Structure formats: C-alpha cells, structure tokens
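In what comes next, chain A is part of two complexes: it sits with chain B in the first one and with chain C in the second one.
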Partner chain A sequence: MTTKRLTGHIVLGVVLLVCTLSIVVKGLLVTVGALLTLFIFSFLYKDNPYYKFAEHLFVGVSAAYWMCMGFWGTMVPNLFGKLYPPMVGSVIPALKDNPPEPFMVIPLFLGVLLLLRLSSKAGWISRWALAFIVGTTAGLNLVRYLRSDFIAQISSTMIPLYASGAAGFNLGETISNSVIFLGVMSGLIYFFFSKEHKGVFGTGARTGIIVLMVTFGASFGYTVMARISLLVGRMQFLFDDWLGLIR
Partner chain B sequence: MRHLLRLFLILLLAFVVDGQSVYSQESDPVTSTADSVATEPVTPPPASAFGLAGEDMPNDNGHKLRVKWQYPAEAVGDITGFEIWRATSPTGEFRMLGQAPNDYFEYLDIGNKETPAPDFMANNSDFFYKVVAIGKNGLRTESEPGGPFRTYGQWFHRGKTPVLVGVVLFGCFTFYFIRAAKKGKELYVRPLAGIEAVDEAIGRATEMGKPTLYILGIGTASEIATIASFAILGRVAKKIAEYQTQLIVPCYDAIVMSIAQDVVRSSYLQAGRPDQYSDDMVYFVTNAQFAYVAGVNGIMMRQRPATNFYLGYFAAESLILAETGNSIGAIQIAGTDQITQIPFFVVACDYTLIGEELYAASAYLGRDPLLLGSLKAEDWGKGIVMALIVVGVVATIFGWDGFRELIRVNL
Partner chain C sequence: MKRRVPLIIVFCVSLFMVIQYFVPLDSLERVYRSFLDYTIIIGVFALLLGIWSLCRVNYDKIKRKSENWQYAIITLTGFFIMTIAGFLSGWGRTDNYLYQHLFSYVLVPIQATMFSLLAFFIASAAFRAFRARSLLATLLLISGLVIMIRFVPLGFLSEPISDLAGWILRVPNMAAKRAIIIGVGLGAVATAFKIMLGIERAYLGRD
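What follows is the complex of A and B.
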C-alpha cells in the first residue's frame, strides 16, 4: 500500500469518525450541511467526485426550489389570485375577497406566447412576448438611468473649484472638489468613443483610466472585506455549529 | 350648490384659522383618554381651534395631501405631540395615519396607490382629517373633523422636466445618427482592445479543438447589460459557426435562455450553417446564484473551454468564475456595467470591457446602423454633459446657483 493511499484511508477514517460522532451529538442535518460545505471547498484542491456530487445536488435542488417559488410566489398570488381571487382562497385567504383584475389577462396571454416556444411550428410567436419584455424594460430603464446617472451626475458635479466658507478659503474642500471635477471629466473623455485617444484628448483619456483604476482598487479592497465575512460565516458554521469548537 | 358649499367651508376654515380666540370661547373642548372621553379638560385650546387646513400636493397622481393645523404657543409645552387621523366622511371611521412632535404643525399624508391597501387614497376624492393633541398627563384633546380636502392628480410632474428634455434631446440625436448611418455615412468608433481580441480568442479555441464558453451573467432580459451581451453573443456565435467550433451558453434565467437560443440560431443561419445549431448549446442551469456558479465551474473543469466570455450583469460570482477560468488557462474576455465587479474581472481576465464599453462593443462588432446611431447619440450626450458641467462649475464659482437648480430633478 502506497503512502498516498494510506493517507487517504486515514483521512477518510477520521472524517467518518467525526461524522458519526457529529450525527449523534449535533444531528443529521447539521452534519449533512457541513459535509456538503466541505465537498464544495474541496474544489480548491481540484475537481473531484465529492465536488461533483455537491454541485449536482446544489444545482438540482435550487432549480426545483426556484421553480416552486416561481409558481407559489409569483403565479398563484400575482396571476391566479388577481384574475380570479376565489380560486386561491384556500391557499392565500387574504386574497379571497379582492376584486378580480381583468387586465391580468394581458400577462397571461404573453406568458402563453412564451410557452409557444415548445412548439416547433408556432415557436416564432414567442418572439412577440420577448420583444415586449425587452422593449418595455429598455424604455423604462432609459428614463430611470437618464435621471439617476445622467442628470443627477451633472448637478452633483457642479461644485465650486474655489471653496470658501465663513472662515474664508477652504483648502480641503477645494482639493476635494477639484478631484471630483477632474475625475468626472477625464472619465467622460475615456468613455468617448467617437474620437481616437491621441494628443490632448489621449492625455485626458489616460488620466481617466488612472482615475478608474484607483476607484476599482478601492472597490476591490472593500468588496474583498465583505467576502471575507462570508468565509467567516462558513467557518463559524463548521467550527461552531458542527464541531462546537468555538465557545 | 356644491361650489357654494365648498366656498362656505373654505371661508369657515379661514375664519377658524384667523379667529382662534373667538372659537375657543364658543366651543367646548373634546378631551379623551386613550379610548374613552374624559370629563376633565386638558389645557386649551378647545377642539375646533386646531384650525385644520389641507392642500393637495403638486406633481403626484392624487395620493398626497398636506395637512396643517395651529396650536397656541403657550399651550405647546403641555403636550407631547399630535396624532393625525383621516376618514372619507366627517362622520365616518377615522384611521390614524401617524404622529408629529409638539413643535410640528403640518403632516404630509402619502396614501397608498393600490386599491386593496387600507391607506389607499383615490385621485379626485375628498378626505377629512382630525388632529389629536396628546397631553403630558395622558389626556387627549381632539379637533373637530376638518375638510373636505380634495386630492388632484397631475398628468405632468414639473420636477422631472429636465428628464423630459434629456429624453427628447437624446431621442433626436439617436434618430439623426441612425438615419445618417443608414444613409451610409461613415461613423467612426475607436477600437476597443477587448473586442479586437474576440476573433483571436475564437480562433485559438478552433485551433485547440476546444469549446468556447459564453456566460450572459445573472441578469434578467430587462438588464441593459444583458441586452448588450445578446448583440455580442450574436457576433461571437456567427464567428463560431463559421469556424465550425463548439459553443456552450449556460443560462441563469429562463427568458434569457429563450432569447439567447434565438440569437444563436439566427447567427448560425446567417453563417450558412443552420444544421450545426442545436438547442443544447444554450441551456438553463438554475437561477440560484451560487448554484449557478457551482454548475458553471464544473462545466469549465470538465469541458476545458479555450475561451471564456463573461459579458452581462454580474454580482458576487464574477471572481469565482473568472478565477476558475484562469486556472484552466482559458483566454478570458469580460465586460459588465457593475462597478463593484469590474475590479475582479480586471485582475483575473485577459481583457475587460469597462462599463459603457460593453454597450459600445455591440455597436463596434455589429456595425449595425441602429447600434452605431445610438452610440454616436450617447457620445453627443456625453459632450453636452461635459459642457454643462464646465458651465455649471463656472456658475457656482461666481455664486449663480440658479443654473444648477435649472437641471436638478425634484422628485
């Protein structure tokens, strides 16, 4: 027996022992959760059968779960419950006495059009529903983004480059305002696609990409910190909820 | 007759507002404890002296009313605050809306727009209010019902005028440039490194005999980034069909999958290879974020694609996907408009389309007049933004804040 194989057997034996003990002490569900967590973590070493098992279980269970959620959380209250409330009275009593909303026939019709994809002959009709979804949301988003990203950006950048208050000239605010102004202007120049980045325009674009990279660096650090907290959560589950080592 | 009655009520109200002392002498206070009427009066003034007035709020769809009242300054110290109640008739059931501290004499009543909601406020409807002063000793002084105050909905929100101007302006630019592009006018778009590399990346996959993986992100079909990604997918799929290599598109959303199937199918058709298209190329995985990541990671590890595209809306899964792709040695091209995810793509991918470059890429690749015209209109929009900012900054330096107010959106 090779050393590698022996090590594998020892590890497996230890894991089985820990699992048996934890099932007795902590219960089956916590142990299964912990094992599945370890199976997913095993991907850090390399792809292996344990990871494959956890992956397939995760994908299958989540797809089924969201399908049920889609039906009971969306279709039942928002479609059936509005079209004909008494129909869902036994499931959601609060909706039973609501007046019916005949306009909900429109989303029902669009939904049926989408399902026509399953037909090889009438599948093309589903494009109407898709066109409606994409067109409507793109139109709505145009106004939303124009308001929040476009106009709000302009008015927020209109700040004095020479800041002064009751105490006179304010150096800190002046620097801060100047950085914001230069950052926004150079960023806009970088995202200008109709002109090649050469000469003065190119200098502006290069400044823009530097500003962007500094921003991304700060964002990276901030987000990594948030991800570490997710890892801490998993570690707490393993070492506290499962093994009970943290007290 | 109705107008006369309303006029009379308004005059009466004005009289109440202006002549509190007269009313206070004539009326008895209505005082009560929490649930029952109390016999012992608290501090003045009596009920009707609250002088309730109401006004419709502008720029809404008729579900907001501002209620104002008065209370003698010398008596304010004896109360802890006010309760505001609303009913649809003076004798109807009043419903408590909220509370205000003792130094506040107005309340903005924002009703619900939905019919079944208990605080629903209908457009063009009359409402009656009463205010209850809560005494420090626990006794309550209740005003007489004031009203009717009517809600009016407006068709146009004046505070959003800059948005209207922006939409019209942008629409005109788009219309003009699309027409120009359709007439064959040459519209220049600067090269984008990430997009220049698309052909090279697909060529590499072909040479290696490995598939190309295209991830549309975890956005729905309504996300702008997903819509832009569809356009790029069309171009990528066409090139893949020409090179006769394999394409894998695992999807997070069922509707996105449907659209992606249509896009890929039509690309194969355009490339003259409809027989090579199969619905199995574009398939649904799951719409649970991390389960989707686990599934896609498995695909990467087992099918070993030579090229990975991550274009669309991404969240926390971006780094996990990009790192796995990096570990298998795939050439990776990413792009998203999610600012927080771009850094992860920058560190783990070969090329990254930053924010709006993702939108520009679809126009650059396709050279479609519609997309090119939109891109040009965006550039003109940016030019106007820069000009407005410069003018605005100069204006604020000289203290002309009116210019900034001119383009502020007041919701």
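What follows is the complex of A and C.
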C-alpha cells in the first residue's frame, strides 16, 4: 500500500470516528454542518474528494432550493394566483377572492415556448420568449441607467466648490467637494481612451489613477472585512455550536 | 420567422418600455407592471430549463461513466432530496422540517465557508499586492489598511482612524466609483440601444 493511499485511509478513519462521536454528542444536523464546513476548508490544503463531495452536494441542493423558491415564491402567487385565484386560496388567502386575470396566459404561453428549447426541431421558437425578456430588460435599462447611473451621478457631482453654511466658510466641506468634483472628472479622463494621455489630459489621467487606487484599496479592505466576518462566523459554528469550546 | 420575429418583439417591447416612462398614463403603467411580472415568470421557466440541463448533464456523466462520475450521483441525490423536501408538506408549504434543516445545515454552511475561504486567498494576494513599491501601491496599501483597522480598538487613535476611513469612503472612494458608474451607465445605454435596434443579436444564438 502506498503512503498516499495509507494517509487517505487514516484521514477517512479519523473523519468517521469524529463523525460518530459528534453524532452521539451533538446530534446529526450540527455534525453534518460541521463536517461540510471542514470539507470545504480542506481545499486550503489542496483539491480533494471531500471538497468535491461538498461542492457537488451544494450544486444539487442549491439548484433544488432555487427551483422550490421560484415555484412557491413566483409561480404560485404571480401566475397561478392570478390565473385562477381559488387554486392558491389555501396558500395565500388574500388572493382567493380576486378576479381571475386571463392575460396571465401570456407569460404561461411564453414560458412554455421557452421550454421548447429542449426540442431540436422547435427549439427556435424559444427565441420569442427570450426576445420578450431581452426587450423588456433593454427598454427598462435604457431609461434606468440613463437616470440613475448617468444623470443622477452627474447632478450629484455638480456641487459648490466654495462651501459655506450658517457659521460662514466651511473649509472641510470645500476640500471634500473639490476632491469629489476633481476625482470624478479625473476618473472620467482616465477612462477616456479616444485621446492620448499626454500633457494636461495626461495629468488628469494620472490624477484619475490616484483616486482609483484609493478606491480599490478601500474596496479591498471592505472585501477582506466581509470575508473575515464570514470566517469568524464559521469558526464560531465549529468551536461553539459543534465543539462547545467557546463559553 | 426564425430571426425576424424575435427582432420585432425586442424592438416593440423595448420601445414600449421606453415610451411608457415618458407618457405617464395609468393604462400604460398597468401594462408596464404586467410586463415586469411576465419577465419574472418567464425567468422561472428559464430556471426550469437550467435545472433540466443540470440533471441531463449529470445523468449523462453517470451513464458514460466519465471522469469523476461518482460526484454526479451526489449532485443528483442532493437535488432530488431537496426537491422532495420542497414539495413534501403539500401545496405552498416550504416550512417543513427537512427543507428548513437542509437549508440551515447543508446549504448555509457550504456557502458561507466557500465565501470565507476567500479570506485566505485574499490574504495571500494582499501579501503580494500590498508592497509600498510605488506611490500608487502605497496609496492602495494605506487606504486598504485604514478601512480594515477602523473597527479595531486602538485607544486614542480609534476615533481619528474611524473619521479618516469615513472620509475615504465618502469622498475619494465615491468620486472614483461615480466615474466608474457613469462609464457603466453610458455603456449600458449604448448596449440597450444596440439590442433595441437589432445591431446586437448574440442572444439569438446560431441557427
């Protein structure tokens, strides 16, 4: 027996022993949660069968979870509940007495058309349903992005560079407003590639990189904090909920 | 028929979505809301399509005994158990014991741990990236550190660091993000126009 195989058997033995002890002491559910947590952490060593097991289990369970949520959370209230309200009366009593909405046949029809994608001969008809989704999203995004990501952002940048309040000149706000205005302008200059970044334009672009670096650092710090917070949560689960070592 | 009808649908529907914004009539508003509902419902059908594809791929893997086919059994087993749990208690009830506990003790631990794994990888990336070799790298280092240590109790330094972190987030961070958002907004509007006018047709796929 090779050393690698022997190590694998020892690890499996330890896992089974810990698993049995844990089920007896802590119960099945906490043990399952803890083992799956350890399986995922085992990836830090290298890709291994335990990690692959948890990964594949996650794919299956989450697909079913989202399917159930889609069915009970969207199809039942928004489709069946409107098409034939008495059908969902036991689930959502508020919808029971609503009049039926015959136009809800349209999404049902388009949904069925989408499922025709599975057919090799009639698959092209699914494009009609897809076209409806693409058209709705494109039209919606055109106005939405123009308003919130363009007009609103420019409008919020056009702020007084000389800030004064009831107490007179406000140096702090003046600096902040200037940094916001210059930061946005230089950032935009940096992302403008139709003109070579030389001279005054180049200085603007270089200032843009400086502002962007500060932002990337802040985003990095934020991401690290979020991940560490999740890690702390998992450690708490392992050492408190499972092993009971934190009191 | 195969390509023209979808293009006409896209043009008409997207044009309506734009027009209804500029013509605030109750009737148009109702149609607009219906269209949004329709999109969500069709999206669930698309989810079913994805689920079918997942089952088919994994079934084929098992049938052909391709590499790592054993894991496909785990995926399908997890999927069917969770599906049965989701429909177990009857019409409209997902608050049953099995469904809730599969969520809490299988889905949540795996998902949270996967995301927390990133803490280790991000730490190793930070070790390489956070070296003050140039002005830009130093700025990245300083702003990242200030944001990370702002909740750490550091005595009299805590308050100024917290204020500085707040200022970084509120002012330079917002300025650069705004520049990025403006760029993204312009790009999204241009893409929406291209889709509306049938210039962008990638979503139609191939015949």
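Following the convention adopted for this analysis, the second predicted complex is superposed on the first by the 215 of 247 C-alpha atoms of A that agree within 3 Å, B and C clash if a C-alpha of one lies under 4 Å from a C-alpha of the other, contacts with A are read in each partner's own complex, and residues count from 1 in each chain.
Note that a residue touches a chain if its C-beta (ideal position, glycine included) is under 8 Å from a C-beta of that chain, and two chains touch if they have at least 3 such contacts.
All values derive from a computational prediction rather than experimental measurement.
Q: What is the contact status of A:Phe193 with respect to chain B (first) and chain C (second): first, second, both, or neither?
A: Touch status of A:Phe193: first partner only.
Q: Looking at chain A, which partner touches more of its residues: chain C or chain B?
A: On the superposition, C touches more of the residues of chain A.
Q: I'd like to know which partner A:Arg127 touches here: chain B for first, chain C for second, both or neither.
A: It touches chain B and chain C both.
Q: Touching A:Phe43 in the superposition: chain B (first), chain C (second), both, neither?
A: Once the two structures are laid over each other on A, A:Phe43 reaches both partners.
Q: With both complexes overlaid on chain A, does A:Lys52 touch chain B (first), chain C (second), both or neither?
A: both
Q: Report for A:Leu142: first if it touches chain B alone, second if chain C alone, otherwise both or neither.
A: After superposing on A, A:Leu142 lies in contact with both chain B and chain C.
Q: Once the structures are superposed on A, label A:Tyr84 by its partner contacts, choosing first (chain B), second (chain C), both or neither.
A: neither
Q: Look at A:Phe201 in the shared chain and tell me whether it touches chain B only, chain C only, both, or neither; answer first, second, both or neither.
A: neither
Q: In the superposed arrangement, does A:Tyr162 touch chain B (first), chain C (second), both or neither?
A: first
Q: Find the residues of chain A that appear in the contact set with chain B and again in the contact set with chain C.
A: Overlap of chain B and chain C footprints on chain A: residues 40, 43, 52, 54-55, 58-63, 65-66, 114, 117, 127, 130, 133-134, 137-138, 141-143, 145-146, 150, 153-154, 157, 181, 184-185, 188, 191, 212-213, 215-217, 219-220, 223, 227.
Q: Which of the residues in chain C end up touching chain A in this complex?
A: 2-3, 5-7, 9-18, 21, 34-52, 54, 68, 71-72, 74-83, 85-87, 91-94, 99, 101-120, 122-123, 126, 129, 135-137, 139-148, 151, 167-186, 188-189, 191-193, 195-196, 203-205, 207
Q: Can you list the residues on chain B that touch chain A in the complex?
A: Result: residues 115-116, 160, 162-163, 166-167, 170, 187-190, 221-222, 224, 227, 255, 258-259, 262, 284-288, 290-292, 294-295, 297-298, 301-302, 316, 319, 339-340, 342-344, 346-347, 354-357, 360, 364, 375-376, 378-379, 381-383, 385-386, 388-390, 392-393, 395-397, 403-404, 407-409 of chain B touch chain A.
Q: Quick one: which bits of chain A touch chain B in the complex? Just the residue numbers, please.
A: Residues 40, 43, 47, 51-52, 54-55, 58-63, 65-66, 98-99, 114, 117, 126-127, 130, 133-134, 137-138, 141-143, 145-147, 150-155, 157-162, 181, 184-185, 188-189, 191-197, 212-213, 215-217, 219-220, 223, 227 of chain A touch chain B in their complex.
Q: Which part of chain A faces chain C closely enough to touch in the complex?
A: Residue positions touching the partner: 29-30, 32-34, 36-37, 40-41, 43-44, 52-72, 74-76, 78-79, 88, 90-92, 103, 106-108, 110-112, 114-115, 117-118, 124, 127-143, 145-146, 148-150, 153-154, 156-157, 176, 179-188, 190-191, 208-225, 227-228, 230-231, 233-234, 237.
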